[in-house]
Amino acid sequence: MNAERTGALFWLLFGCAAIYGGLDLELGTMQEPGSGFLTFVAGSFVSCMALIIIIQSYRKDQTTSKRVTDLWKGKKWKRAVAITFLIALFILSFEKLGFFVCSLVLLIVIMRWLEGLSWKLCLLVPSIAIGTTYVVFKFFMNISLPAGIFGF
Amino acid sequence: MDFADNLLTGLAVAFQPHNLLFCFIGVLIGTLIGVLPGLGPVGAMSILLPVTFGISPVTAIIMLSGIYYGAQYGGSTTSILVGIPGEAASVVTMLDGHQMALKGRAGPALGISAFGSFIAGTLGIIGLMLLAPPLAAIALRFGPPEYFALMIMGLIILTYLAQKSMVKSLMMAGVGILVGMVGLDTMTGMPRFTFDIPDLIDGIGIAPLAMGLFGVSEILLNVEQTIKQSVVVKQVKNLLPSKQDWKDSAMPIARGSVTGFCLGILPGGGAVLASFISYGVEKRLSKHPETFGHGAIAGVAGPESANNAAAQAAFIPLLTLGIPANAVMGILLGALLIHGITPGPMMIENNPQLFWGTVTSMYVGNIMLLVLNLPLIGLWVRLLKVQYAVLFPLILFIALIGAYVINGSEMDLYLMLFFGVLGYLMRKFEYEPAPLILAFVLTNILEDSLRQSLIISGGSMSIFVTRPIAASFLFISLVLLITAVMPSIRKKRSALAATAAENA
Amino acid sequence: MKIKSALRATGVAGAVLTSLILPAAAQAQYPDKPITLYVAFAAGATTDVTARALAQGAEKILGVPITVENKGGGGATVANGLLASKKPDGYSLLVTSTGSITVRPLLMKLAYTPKDFRVLMQYTFYIGGLVVPADSPWKTVDDFVAHAKKNPGMTYASSGPNTQQQIGVESFARCKGLTFKHVPTKGGSAANTALMGKHVDFIAGSGSHIPLVQQGTFRELVTFHVDARDPKRPDIPVMKDIGCPPTNPPNGMIVIAPAGLPDPIAAKLTAAFKQVSDTPEFKKLLDKYNLDYAYEDGKSVQDKFPAEIEWYKKYFTDAGMTLR
C-alpha cells in the first residue's frame, strides 16, 4: 500500500469524524456561533488537505513512491512496540503498585532485557535515579507519589 | 517621585539580605522546575505559597516571581538536550535547539539560550520600568476582535514553520485545532468530546501533548534504529557560542525581545505565541532559511529571547491593572491579596516599594540565573555523552513522573503515551508535529474570541475591519499569506513559461 | 472438660466484647491518622487559601496532620467526582462550592449526584452584582434600567455560562423586563479585563470585582444574592430594594465528606472547623477577599439542597434549556 495515501486516508477519516462531530454539536447562527462551528470548519479543512495529498500522490512517480512497509524496512520496530507495551504496563499499575515498584521494574526491564546492559548498571542507575527523584519530589516539593498496595 | 528615586528605592529593597536570599531560592527552584519536564512554575508556586504567609509581601513576590522566570531558563535546557519540551513555550526552542545538540553543538545552543534569555529579560525589565502604564492601557484595547485577528496572524505564521510539505503542515494545524476542541466549551459551559471522562473536562494538557508528540515519539524512533551510534552525540566542539554564533544571533535576540515583550503584555497572549512568531520572523528574514529546523542558531536565539521577554512583560497587567495575564500571575494575585495588598490601577501608587523592589530584584534574579546556568552547560553537555541505552530509559522515566505530578492524574500519562505513538507514526509518514502543537495552543483563544466578537457585533463580521487594531493584524496576516504563497506561484509561472518556450 | 468449656466460654465472651468495643473504640479514637483535605480549585485561588487556613487551624484541634491537595478542574466537578469515590471514614474531605453540587448535575453528566455527599459546614458564599465602569453615565441602577429599556441587547461578560453570578444577572433582567447579550469569558479576571477595556457594557461581578470597585475603577449598581445591604457599602441597593424577588441561591463554599459518614465523626469535624472559622484571624482572611463570614451548619445547608435544585430546574426550564 502506498505510504502517502494510507497516511492521508487516516487523516481524511479523522477529518470526516470531526465534520460529523461538529454538525452534531450544532453550527449555530452568525449571531451566536455554536459549539460545533470551529470543529466543522477545521474538520472540513483537514479533509480537504487530505484529499489534496491523495490526489498529489497519484501524480507522483509511482515506481519511486514509498510503500507502507518501506517505512519500517531495516528498523527494529519490535523494540518500539516493546517499549510502548512496557510504558502502558507502567501506567496501568502506577497507582496500584506504587511509584517505587513500577519505576524499578520499568527501568530494569528496559535496561536489562531490551538493551542488554550489565546487571551492575541495571541496578545502580535506576536506584540512583529513583532515589533522587523521590527525595526531590517528596522532601523539596512535598508532592506525593503513589504508594500502592505495598505501602511504599 | 521621579524615575531615579524609584530606581533607588527599588535597589534598596532588592539588596536587602533576606530579599536577596529569597530571590536566589526562587530562581534556583524555578530552574529545577523548568528542567523537569511536565511540572511547571504554577505547580511549584502553589506548593510554596503557604511558605510565603510568614514573610513580607515584597519578599514573597520576589521569590514567587523568581520561580516563574527561572523556570523559563530551565525549560530550554531539557528542550535542547533531550528534545522534550516541558511546556508550550519550550517547543519552538526545541525545534532547532535539539538539532544543534545532536550535531554536537549543545554548548553553543545552551549558551545562546542563556545569554539571549538574560538580555531579553533585562530589556523586558527596562520596558516594564519605563513603559508599564502606557503599555497597560494599550493592552486593554485588545478585546475579542483583536485577539481573533492576532490568532489568525499566528496561524499564518505557522505556515512559515513548514519544512517539507506545506499541505501536510497546514493539515497538522487543522488537526491541532481539533485536538484543542476537547474539553469544556467556554461559551456554553458544556463538555465537548470528553466521552464522559472526567479527567478530560479541562481538555488535553499541553505538557502531556508536547512531551508525547516530541519526546516519547523521538525515543520510539531512536529505539528502532539499528545503528546505536546514530543517536550518540558527535564530538562536542566547544562549550560556548562562537563569534559567528553571536553575529548570527544578535538581531534575532533583539527582535525576539521586542516581539516577546509586546505579546507578553496581552492577558492570555504570551510566551508561546511570541516564541513562534519570533521563529517565523527569523526564518523569513534569514539568508539561509533552509537551515531552520536543522540547527540554525537564530532559531534558538530569537524564540528564547521572545519567551523570556514575554515572561517579564506578563507582570505588567498584574502590577498596573490587577489583571493576571496567565495562571502564574493568578497565583501572584492570590499572594498579594493574602498579604493585604489590593491589586489594581492604584497598586503602584499605594505600594511603590513593592513594585520597584520587585522590578529591581528581577535584574538581580536574571544575573543570578545567568551565573547559575552558564557553568551548568559543561555538566549538561557531559550528560549527553552517556550511552543512549542508559540515557533514554532515564529520560522516559523523568518524563513519565513529570507528566504525572502536574495533576496527579493517570490520564495525563495515557495521553502522553497516546500522543507519543501518534507522533511516532506521524513522523514516519512525514507529518510534522510542530504545527499541531502550535495550532493547539492558539485554538482556545481563537475560538472564544471569534464567538465573543460575533455575539458583541450581533453576527456581523464587520467588527473585525472597523476596529483599527484588529483590522491591522488581519491586513498583516493577508500580506504574510500572500508573501508566503507568492514564491511558489512565481516558480510555477516560470516553469510554465519555460515549458511554453520549449514547446514553441 | 470443665477447663476446656470454661476456656471456650471465655473466648467467646472475649470475642463478643471485643467486637462491641472495637468499633466504638475506633470511633472514639478518630482521627488516628492524617486526613486529606482536597480543594476543588487551583492553588492560590480564594477557596484554596481559605481552605488551607481551615486545615491549619483544625490540625491543632484534631491532633493529626491535615494535608491539603488541590484537585482543580471542570469548575469543581473533577474533585467532587473524586470525593464521591472515597470511603466515608472521615479521612477524605473536600472544600468545594454548592453550585457544583446542585447546579452542574442538572446540566451535564457527572460522576456524582448531590446524594453522594454529606455537607459538614459552610463558611461563606460568593456575592454577585451588576458592575459597570466607573466613568459610565449610569450612576444608579434606575439610570441603568432606563437606558437598557431603550437599548435592548446590551452586552455583558461573566465568568462563565450558568454560573450563579450570571444567573443573577438574568434574574435581574427577567424582573425588569430587559434583554441582554451574554458574552461568556474564561473567568472573573477575563470579565474584569473586558470591562476595563470597555469591550462590553457591564459585567456579572463574581467577587473579584470588589477590589476594583473599592479602588474606583468600577461601580456596582446592585448586589445580588443577599437580602440586606452591605454595611460597608450602604449606597448599593439589593434586589429587594429595587422591587425584585431575591435572586438565585448563591454559591457557597462548603466542606464536605462522602455520604454515609458516621454522625460522631461528622460532629467532631464540624465542631473543629467551626472553631477555626469562628476565630478573628479567619474572619480577617475572609475580609481580605471581601467575603462575609456566613457560617452555616452542614445539616441546614444540605436540607436546603432540594429547594435549591428545584429553583434551578425551574430556571433552566424557563430559559428553554434541556435538563439531564
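Before moving on, here are some points about what is shown:
Lettered A, B and C in written order, each chain numbered from 1.
Convention: contacts are C-beta pairs under 8 Å (C-beta built on N, C-alpha and C of every residue); 3 or more make two chains touch, one makes a residue touch a chain.
Quantities reported herein were computed from a predicted structural model and do not represent experimental measurements.
Relative to the centroid of every protein C-alpha atom shown, the closest chain centre, again from C-alpha atoms, is found for B. Greatest Cα centroid separation from chain C: this falls to A. With each centre defined as the average position of its C-alpha atoms, the distance from chain B to chain C rounds to 35 Å. Centre to centre, using the average C-alpha position, chain A and chain C are separated by 38 Å. Measuring from the averaged C-alpha position of chain A to that of chain B gives a distance of 22 Å. In chain B, the residues that reach two or more other chains under the touch definition are 47, 187-188, 190, 455, 458.
Contacts with at least two other chains are made by no residue of chain A. Contacts from chain A toward chain B in the complex involve residues 3-4, 6-7, 11, 14-15, 18, 21, 25, 29-33, 35, 37-39, 42-43, 45-46, 49-50, 52-53, 56, 71-72, 74-77, 79-80, 83-84, 87-88, 90-91, 94-95, 99, 103, 106-107, 110-111, 114-115, 117, 121, 125-126, 129-130, 133, 136-137, 140-143, 145. Across the complex, chain B meets chain A through its residues 29, 32, 39, 43-44, 47, 165, 167-168, 170-171, 174-175, 177-178, 181, 185, 187-188, 190, 192-193, 216, 219-221, 223-226, 389-390, 393-394, 396-398, 400-401, 404-405, 410, 413-414, 417, 420-421, 424, 428-431, 443, 446-447, 450-451, 454-455, 458-461. Against chain C, in their complex, chain B makes its touches with residues 42, 45-47, 49-50, 140-144, 184, 186-191, 196, 198-199, 201-202, 267-268, 317, 321-324, 327, 330-335, 337-338, 340, 342-346, 407-408, 444, 448, 452, 455-456, 458. Contact residues of chain C toward chain B in the complex are 42-46, 48-49, 52, 69-71, 73-75, 77-78, 81, 107-111, 153, 155, 160-163, 181-186, 189-190, 192-194, 196-197, 199-200, 211-212, 214-217, 285, 288-289.
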